[in-house]
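Here come two complexes built around chain A, the first alongside chain B, the second alongside chain C.
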Partner chain A sequence: MNEFSSAAFYPVAVMVLAAAVLVVSFKNLIYSALAMIACFAGVAALFVLLHAELLASAQILLYVGAISILILFAIMLTRNRGGEVKLFFHQQAWMAIPVVAIVGLILIIVIGSAHYNAADTAQNPGTKDLASMLFNQYAFPFELVSLVLLVAIVGAILLAKKEKIK
Partner chain B sequence: MTVVTFIIHFVLIFILALGIMVLSALIFPFAMRRIWGFIGDRYGPNRVGPQGLLQPFADGLKLFIKEDITPSKANRVLFAMAPAITFITPMLTVMVIPFSPGFTIANLNVGLLYLVAVGSFSILGLLLAGWASHNKYSLLGGLRSVAQMVSYEIPLILNIIIIGMLVGSLSLDDVVGSQGKVWYIAVQPLAFLVFLIAGMAELNRTPFDLPEAESELVSGYMTEYGGLRFALFAAFIEWGEVAVWSMATSALFLGGWRGPFGGNAGWLVLKVLVMAFFVIWVYATFPRLQVDQLMAFAWKVLIPISLVNLGATGLFIILMPDNFLLPIAAFSWVSVVLLVALFPGLLRKALLRKRLRQMENFKLETTEA
Partner chain C sequence: MTPLQHYLALSVALFCIGAWGVLARRNIIVVVMCLELMLNAVNVALVAFSNYSQVIPGRGEVFVFFVLGVAAAEVAVGLSIGIAMYRLRERLKVDELDEMKG
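And then the complex of A and B:
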């Protein structure tokens, strides 16, 4: 991390956290989805600051470009527009506090106790190394994941397909 | 990099990207109307200034002094935000384009991926524009554009991957750098063809301009926009995207800034103008696709072709790691010739079969009822 990256980290981190809070506090679902996009984009910016351009591009392509658009699409097709919606997590806000506290505690303990090798973080694996790792060392889990996706696609087509007239 | 140099770089890059948008908004809509006029054996706008050259300024002034209307039921914040989000997309894409030898704003090692990734912002903008307008035509236009762009993004990505495989790198600088001997349009005409078609669909250009099909949807997602905001959509964004897309296509398939007498940015500009002319030419020539045929064409024609091409390219690269360009070129050219020869007949048969099936189903339904 050079001077600029460390200076830029805090504003971006604050933006990500603020957007995350807005996702659950907006009453309009569309605004929530937009705040979520801001959150995802902020995470992509963090990846860029760490010189992980591949991860950043994948983050934007998948989360901003695919998942968020799908969510927006679903909201626009199913909800009455304009009406403020009471979300179920608005009713359970008090319950959320202990859960968040516990998860946060676990994360702090785990991340705090992990030992990062300085050489590992400095050495940024390029796209080529990542690809050869995926297709050699981790070929089996990689194929397994793609199988899961394939099953999901087949299932989605089955659900969406109109029944044929007999 | 200190914060000060960052700000200076940011401002310079911003001016360059904005300049490209403004220039394309000034040149292309006017060029389009004149070329349409030529193709349709009419004059086109030729009254304002010599040969009508001042027409874009007259149009701009007219749109500028119009009242800025926001529909009373529209969502004001999103209505204003949507054009801005869409406007960012081509400006962001400019970042990875190699303009001339040694001048790329950001030589990302994942440039090809970045090219596709930032395109998603424009989808977001169109969807929001359609929704925020509170108008059924706008919403339908927005939804159509999203469905179309998401579908056609897949063949686009697959063909970008093919180029990445030929180069062995995802950096656009390397893509242009490796085309010293031969442009990739000669090696992979099949990929170029599919990329061209899918690209026109991504740009929402005719014959894929269903999101703004004026005979069905008024103007689609931009129906409620007027004045300067309409100018943003109809001139700056649409044609800025055409310019940037032409730059990307040139870098991927046409050798980017390469050309005879030493490569420089002039060749890139020339290629962009040729590509833009092609877009306008197609615009004036082809009718619009039907909405059900549009999706079927992406999923049942373009994606299978791209997948086969991808597999074949990979196979040749593995089998002949030292000299794979020639067999790939042979495969690609043969497939293009076969496709051009056979596709119209096959398509006609498939459509006929579908029509027959529909008629049978209709008969069954009516007899049951």
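And then the complex of A and C:
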């Protein structure tokens, strides 16, 4: 598994980055969403390579399944009429590149200069240990996330609901 | 074994591409998609740290579960704001939302 995962990392990484660039650069929103699905699937593959199988399946269920469908629905509900033609190469887009380059440079310098105590053999625990960690030590935040989701669902319905005509 | 730094470099690259999209694109749905890319980049970094951790492997994975939950909530609210905005003015450009400009 180790030799395979170190060999498979680079093609998957290239795929993820290429899909991410396509998400930003496609003019057609549907194409952008499809590239985003490819990117999420690549991230799920990275999770498998990092021995996080449960997270990989959650990633596929949540991102590749649910969030992508939600975004595709939103694209179809908000069909643009003649917009989206000169959306990309405006002034702000060129100003964004140096800003992002500076942020990336700082992060790369931090990564390069930090000292890691990385283990050679340690790896993510299996699903059983993860579940016991999640439901014993982190049970309260876990329940809190469900509350956040409930509030978000109610808020989303309230925002997207059609106004009643009086 | 792939060194930890390579995973972190990938995470930085993905984060920067997402930030570029958030700053450069003006359609609110694309902005939400690029925000998701940034969240995914952070998830990759967390899982990589968790995998290479000597102290408590797996703690980063637990954190990623919470990030997933909050990301789902954020997408739902963001897209419904987009739909409400479209219903109001049939446009989705972020920079047209300037009523509250002082």
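Some points to look at:
By our rule, the second predicted complex is superposed on the first by the 125 of 166 C-alpha atoms of A that agree within 3 Å, B and C clash if a C-alpha of one lies under 4 Å from a C-alpha of the other, contacts with A are read in each partner's own complex, and residues count from 1 in each chain.
We take it that a residue touches a chain if its C-beta (ideal position, glycine included) is under 8 Å from a C-beta of that chain, and two chains touch if they have at least 3 such contacts.
Please read these numbers as outputs of a predicted model, since none were measured by experiment.
In the superposition on chain A, contact of A:23 is made with chain C only, not with chain B. Of the two partner chains placed around the shared chain by superposition, chain B and chain C are both touched by A:58. When the shared chain is aligned, no partner comes close enough to touch A:11: not chain B, not chain C.
Within the superposed three-chain arrangement, the count of touched residues of chain A is higher for C, of the candidates chain B and chain C. After overlaying the two complexes on the shared chain, residue contacts for A:77 are found with chain B and with chain C alike.
Of the two partner chains placed by superposition, chain B and chain C are both touched by A:66. When the two complexes are overlaid on their common chain A, residue A:112 makes contact with chain C while staying clear of chain B. Overlap of the chain B and chain C contact sets on chain A: residues 2, 54, 58, 66, 77, 81.
On the chain A side of its complex with chain C, the touching residues are 2, 5-6, 9, 13, 16-17, 20-21, 23-24, 29, 32-33, 36, 39-40, 43, 46-47, 49-52, 54-55, 58-59, 62-63, 66-67, 70-71, 74-75, 77-78, 80-81, 83-84, 87-88, 90, 92-93, 95-97, 99-101, 103-104, 107-108, 111-112, 116-120, 122-125, 129-130, 133-134, 138, 141-142, 145-146, 148-149, 151-153, 155-157, 159-160, 162.
Interface residues of chain C facing chain A in the complex, by the touch rule stated above, are 1-10, 12-21, 23-27, 29-30, 32-34, 36-37, 40, 43-44, 47-48, 50-54, 57-59, 61-62, 64-66, 68-77, 79-84, 86-87, 90-93, 95. Interface residues of chain A facing chain B in the complex, by the touch rule stated above, are 2-4, 7, 30, 34, 37, 53-54, 57-58, 60-61, 64-66, 68-69, 72-73, 76-77, 81-82, 126-127, 165.
For chain B in complex with chain A, the residues that touch the partner chain are 1-3, 6, 73, 75, 78, 108-110, 113-114, 116-121, 123-124, 127-128, 131, 134, 139, 142-143, 146, 150, 153, 170, 361, 364-365.
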